[in-house]
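You will see two complexes here that share subunit A, one where it goes with subunit B and one where it goes with subunit C.
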Partner chain A sequence: MAHLRVSDVARRFGAVTALDGMSFEVEEGEFYCLLGPSSAGKTTTLRAIAGLEKLSRGRIEFAGRDVTTAPVQGRGMAMIFQTFALYPHLTVRQNFAYPLERERVDRAEIGRRVGEVSELLRVGHTLDRKPATLSGGEQQRIAIGRALIRRPKLLLLDEPLTNLDAKLRHDTRAEFKRLHRELGMTMLYATPDQLEALTMGQRIGVMRGGRVVQIDTPRALYEAPLDTYVAGLVGAPAMNLLPGRVTGGQGGLAVDFGVAGIDLAPGARDLAAGTELVVGLRPHDIRLGRDSARGRTVDAVVHLREPLGDVTVLDLRFGAIEARGAIEAKMVVREEQGALIPEGSAIEVTIDPADLHLFHAETGVRLA
Partner chain B sequence: MARPREIGKAGWGWTLFAGLISLVYFFPVLWIVLTAFKTRTDALAVPAKLFFTPTMQNFINVFYRESITAGAAQATEFPLYFFNSIFVSGTSVALAIVLGTLAAYAFSRYPLRGNDTYLFIILTTRMMPPIVVIIPIFLMFRLTGLSGSYWGIILLYTAFNIPFSIWLVKSFFDELNPEIEDAARMDGANERRVFFGVCLPQILAGLAATFVFGLILTWNEFLFALLLTGVETRTVPVAMARTMGGEVGVDYGLLAAIVTLFLVPIFIVTYLLQNQLLRGVTFGTVKK
Partner chain C sequence: MAAASPHDRMAAPEGAGGFLAWLMAPERRGPLLVAPAVIVLFVMNIFPLLWSFGLSFFNYRANRQDVPDFVGLRFYERVLSDPDVWDRFQTTAVIVGSSVVLQLVIGFLLALMFAREFPLRRILLMLVLAPMMLSFVSVGVFFKLYYEPTFGLLSQFVSTFTGEPFVLLGTPTGAIVGIVVADAWMWSPFVMLLVLAGLVSVPKYLYEAAEIDRASWWRRFRTITFPYIKSLLLLAVLFRTIETFKLFDIVYIITEGGPGTATETIAVFTYRVAFQFFRTSQSSALAYIILFVVIVLTNLYLYAVKRREQEVA
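== the complex of A and B ==
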C-alpha cells in the first residue's frame, strides 16, 4: 500500500508560516499535482512528507504507518529536486548506484538495475560521465533514474521542469506520464505551472498560503473553480475577472458588468438586485460575431493583438474607451480569424450567459 | 560558458609588456637564485654580474662547512631544520584544515544562535599584528613547558591557521547546493556519510587552495619560530637568520643558497596543486 495522508500539517520558520493546516490524501498509484505560486508552500509540503522538514503541528501517514517523526532514511520515498541535485563528484553510473549501495544491495544486482534504469530512460551512453558534462535534459533523466532505481513506493517531484527549456518541458511531461503508466507508481508532483498540473495530474490540489484550497480533477477545476484565486490560476490565458452588479432586467435579473445587462444563468436567480459580483468569463468562451441564438451580443474594441501561432489572443475593451474604467477582457480566436482583425477595430462578440462564473465580490467565493 | 579565445590574441606588443612587468616583480627572486650559484667575489661584484661561472659550493656549504669555532669542515644541522620546517608547517596546516573544516561545516549547516557573532570573534583573533600577543603567548608557553617543543610550535601555528581555514572553508560549504545533501539523505545516507561522502568531495579544490595558502603563511613565519623553538625544533627561517651574523660578515652566497632551497618545497606543492588552486580561488564565482 502506498496511500499518503497529510493531516493538518503546519510549519513555521520563525515569524513566517510556510504551511498552515495543510491536509490532503493521495491514493495508491495516483498522479497527484500540487499547484500554486512559488510562495504557496509546495516545496515545504514535499520536504515535510519526505522527512527533510520538521513539522510544527500535524501528522503524516504513509503506507499505513505514522511517519511524522520517522527519519528521512527508510521512508520508502524518493524525490526529484528542482535543481536535479545529482552528485557532481560521481559518474552517472555511481549516481544511480548510490541509493542501492546504501541499502547494501549486492554488486550484480546493482549492475542489473543500473542497466534497467538507463535503458528505461535511454541514458546508457552517459553512464561513465560526470553530471556536469551532460545537457539539462540528460541531467533531468539521471535524476529521475536515481529516484526510480530504489523502486520507491512514492515519488515526490519538486518543480522538476522549472530548469528545462520549453521544448524539453513538453517532452519530459510526456515522459512523466509514460513512466507513471508503465510503473504504476504513486506520484506527488508540485508545480507552479497550471499547464503541467492540468496535463499530468489525475487530481490537483490547489495551494494558497500554506494550505490546500481546492482538490479536484483537472476538468472540474477548470469548469467550476471554487473561488477567484483558483479561477485565475487554472487556464491560460487566465479567466477574465470583471466587476459586475445584479440589476433588474426585462423578464428577470441580469448582471451588468459594464457591457449592458446579460441574463443570469438559471440557478443564480435568487441574487438580490444591487448585489456586487465578480464575473468570471474564460477567454475561450467569448465568441466572435453576432449569434443571438447562443447568447448576448456586445460591442468591443480590439486594442491589442497577440498572435500565438495557432490562435490569437485579443485584448478587448467594452464600452466607451474614453470613459474612465472601461472594462477589459481577453479573448481567444483562431489565427486565420485574428489575422483579419487589426488593432483598434470595433468588433461584435457573443457571450453565452451559461458560461459566466459568478463570485462573491469580497470573499471571491463561487456563487453559481 | 566562456567564449573560447584565440591563443595569443593579445599580440606580441602586449605580451612583451606583460613579460617586462612580470620580470620586475620576479627580479628579487631571480637575483637570489642567481646569487646562490655565485662565488663570494661574484656575489659582491660591482657592477653586478649577470654572466658568471656557476658554482655549487654554496649549496654544499649549507649542509657541510667549516665553522670558526669547530675548525675543520663538518655537517651542519640544516637537514634537521628543513625537516622541522616541513614537519611543523605540514602538521599544523593539516591539523588546522581538519579542525577548520569540521568547524566550518558546523557553522554552515548547524548555525548557532548568533552564528555571525561567533564567526566575527574568530576573525578578531587575526585582526592585530601577531607581535602584539607575543608576550602573553611566550609566558603561556613557559608556564606549560611547551617552549621549544614540536607540540608547542605546531599548536601555535594550528591556532593561527584555524580562523582563516574556518572562514575560507565555510564559504565553500555555503556555495554547495543543499538539495544534494537532502538527496543523499533520501537515498539512505546518514549524516556522517553526507559529510564525508557528499559534501567533502565537492570542496576538495577549495581545501587544496586553503592548504596552500596556509602552508605559505606558516612556512615563512619567523617571529614566533624565533622565540618559541629550541635547538632541536628550529625552523629554516630562524636558522637562516642565524647564519647572517658571524665574524666573517654576511655570506651572501650561502644565504642565497638556503633561500633557494627553502623555495623548493613550497614551489613543488604549489605546482602540484595549481589546477586545484585555481578552481579553489574561483569557487563560487563561476555560475553552476
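== the complex of A and C ==
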C-alpha cells in the first residue's frame, strides 16, 4: 500500500544540480534513512517526494500511483521540517488540529485525536500555549504530533534532530523508534548523522552528489562499505583509510603499509603484486598488544590521546619512514587501558588481516 | 586687568580673553555646538507653541493692537459649541475615512503583487514609490491640472464619451472624491511598504508546511500571513489617520476648501480662522483641540509600535 518508489529523479536549480539520477524504494512500514553530508540532496529529495519541488526528470510513485506531478495536498504524506515550521500564532492545540481542518472531521473527533496525539507525545500540559514559549524538545514533539495527527501513509522527516541539543537527540532517537514500532508507519528519515541512521534505520540509503551510492542494512553498511566515501561516513571514529600496496609476502600477497606487510585476507589474493590500494581499518579493529595467533603485530607510537569517558581514542603513528611520512591511524581502547598509555609512548598493536577493507586507490571502490 | 572679579579669576586663570576661553573649554564644546540649533528650535517652534497656547486663553487678534485680556476657557467653549467646527470635523472625518480605506486596499494589493518575484519588479517598485517622495505642493498642482475642466486629462477623457467637459470639482461629492484620490495616490505606496515588510518577514517554510497540511488559500492567509502583517497594518492605519487628519496642502491647492465649504478640512478651517478672519485666540484654541486629538492618536500609534516590537522579538 504505502510503497514509495523514486526512479531516476533529477532536480536542477539553474547551473546547480541538486539531484542527479536519484533512485530508491521504501517498503511499506519501513524505517528508511537517507544518510549524507549537507548538500548531498537529502532535503531536496524529501521535498520532491512531498511535492514541494518540481522535478527536472524522473518519476515518483507512491501507494501504487504516479504522483510525480500530483499537487502537494493530494499525496497523503506528512513532513517534519528541520525548523519544525510550527505556526507561531496558533496554540499547540490549534497547531495539532490544523491538518484536520480539510478532512471534514467533526469537532469531537478533532478533540479526541488531539488528546490521543498529545498523550502519545506527552505534551498534554502545553496544549494552550504558543510554540514560542516551549522548549526545543517540546516544539519538536509538537511538530511530530502535527504530522502524525492526520495518520499519513508516509512520514517524511528532514533532519528533525539537528536543532536539538545532544541529550535531547539521544532521547528523541529512542522516541522515534518507539513511535515507529507503535504506529507501524512508513518513515523516510534524512540525516547527516551516521549514528542516527545506524541506530534507527532498518535500511540506509547513503547519498552523495544527488544520488544514492549504496543501499543496505546498517550492519552491512558498516561491515562492507561499497567505497571509501561510505567507509568514511559510516562508523565513529571514522574508518582509517591508509595508503597501501600489494607486495609479495610470506604467505602469498601482503599489504605493505608503512613498516611491514600484512598477510591479505583470503579472497583478495587475486590482486597483482604492485597494485596501489587504499586500506581501510576500523579503529575498533586495531587491538592492543602482541597476539600472533590473531594477526600481524605492528609497532606504533601514540602521539595523541582523547579520553572519551568509557573509551579512549589513540592517534597512532606507524613507522617513521622519512620518504613517505608517517602513517597515522586512530584506534579505540577501553578507558582503563588508555589511562596506562601516555602520549609519546611506543606500543605494539595487532591487526587481523580479516578486518582489512581493501579499496581501489583511484576510484575508491571496494575490492575485498 | 584692573578689577578682576573673583568669578573671572576662578573661571579663567589665564587672564586675558577670559570669557571666550571659558566658553571654548573642552567640556563646553558639545553644548556650544548644538546651541544654534537649540536656539532656532526654541525661537521658531517652542516659543510660538507656548505663546499660542497662552493666547488661546486671551482675547486677542493679531491684526489689532489691543491689549489682550484674559478670558479663560471661553474660546474653547466657543469653538466646541460652534456648529461650523463640527461640520469641518465631519468633512475631515469623511476624507480621512475614505482616503485611509482606499490607501489600505490599494497598498495591500500592491504589497501582495510586489511580494513575489516577476520581471521588472525593481523598476516598477521604484515607480510605485515615487508619489510618496514628492512634495504635497507638487502633488496638489498635478491633480489640480489633472482635474482641470477645459484641458485636464480627466475632463478630456470623459468628454470623449459625453462630449461635454467634466467638472469634477464642481460638486461637493466630486470635490471630496478628487481630494481623496489625490491623497490616496500619494500615500498608498507608504501602506504598501509597511505591508510588504510584513509579508517578507513570513518564513517560507510555514507556507510549505501549510501546503502539506492541506490548508486552503484563505486559511493560509488568515492563520499565517495575517498575524505577521496585523500589527503593521494597524501602524499604517494610525499613521495615515494622523497624517490625513492634518491634511492641508493638497486641499488648499486643489479646491481651497470649496465648493462652498464642502472640502474644508479642519486644518484649512483653522488656517482661515487664523489668517483670513484673524480670530487669533479662537484659532489657537482650535489648534490645541486638534493637537489633543493628534496626541491621542499618536499614543495609540506608539502603543501599536511597541506591540509590534514585542511580537517580533
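Observations, loosely collected:
By our rule, the second predicted complex is superposed on the first by the 364 of 368 C-alpha atoms of A that agree within 3 Å, B and C clash if a C-alpha of one lies under 4 Å from a C-alpha of the other, contacts with A are read in each partner's own complex, and residues count from 1 in each chain.
By our rule, a contact is a pair of C-beta atoms (placed from the backbone, for glycine too) under 8 Å apart; a residue touches a chain by one contact, two chains touch by 3 or more.
Every value quoted in this text rests on a predicted model; they were computed, and no experiment measured them.
In the model built by aligning both structures on subunit A, subunit B clashes with subunit C. When both complexes are overlaid on chain A, the residue A:146 reaches subunit B and subunit C alike. In the superposition on chain A, A:79 makes contact with both subunit B and subunit C. Contacts of A:314 after superposition: neither subunit B nor subunit C is touched. Using the contact criterion defined above for the overlaid structures, shared-chain residue A:99 touches subunit B and also reaches subunit C. In the overlay built on the shared chain, the residue A:87 is in contact with subunit B and with subunit C. Once the two complexes are overlaid on the shared chain, A:52 sits against subunit B and subunit C alike.
Within subunit A, the residues touched by subunit B in the first complex and by subunit C in the second are 47, 50, 52, 72-73, 77-79, 81, 83, 85, 87-89, 98-99, 102-103, 146, 150. Within the complex formed with subunit C, the residues of subunit A that make contact are 47, 50, 52, 72-73, 77-79, 81, 83, 85, 87-90, 94, 98-99, 101-103, 146, 150.
Subunit B contributes residues 177, 179-180, 182-190, 193, 198, 201-202, 204 to its touches with subunit A in the complex. Remark: subunit A residues 47, 50, 52, 72-74, 77-79, 81-83, 85-89, 98-99, 102-103, 146, 150 touch subunit B in the complex. Residues of subunit C that touch subunit A in their complex: 203, 205-206, 208-216, 219, 223-224, 227-228.
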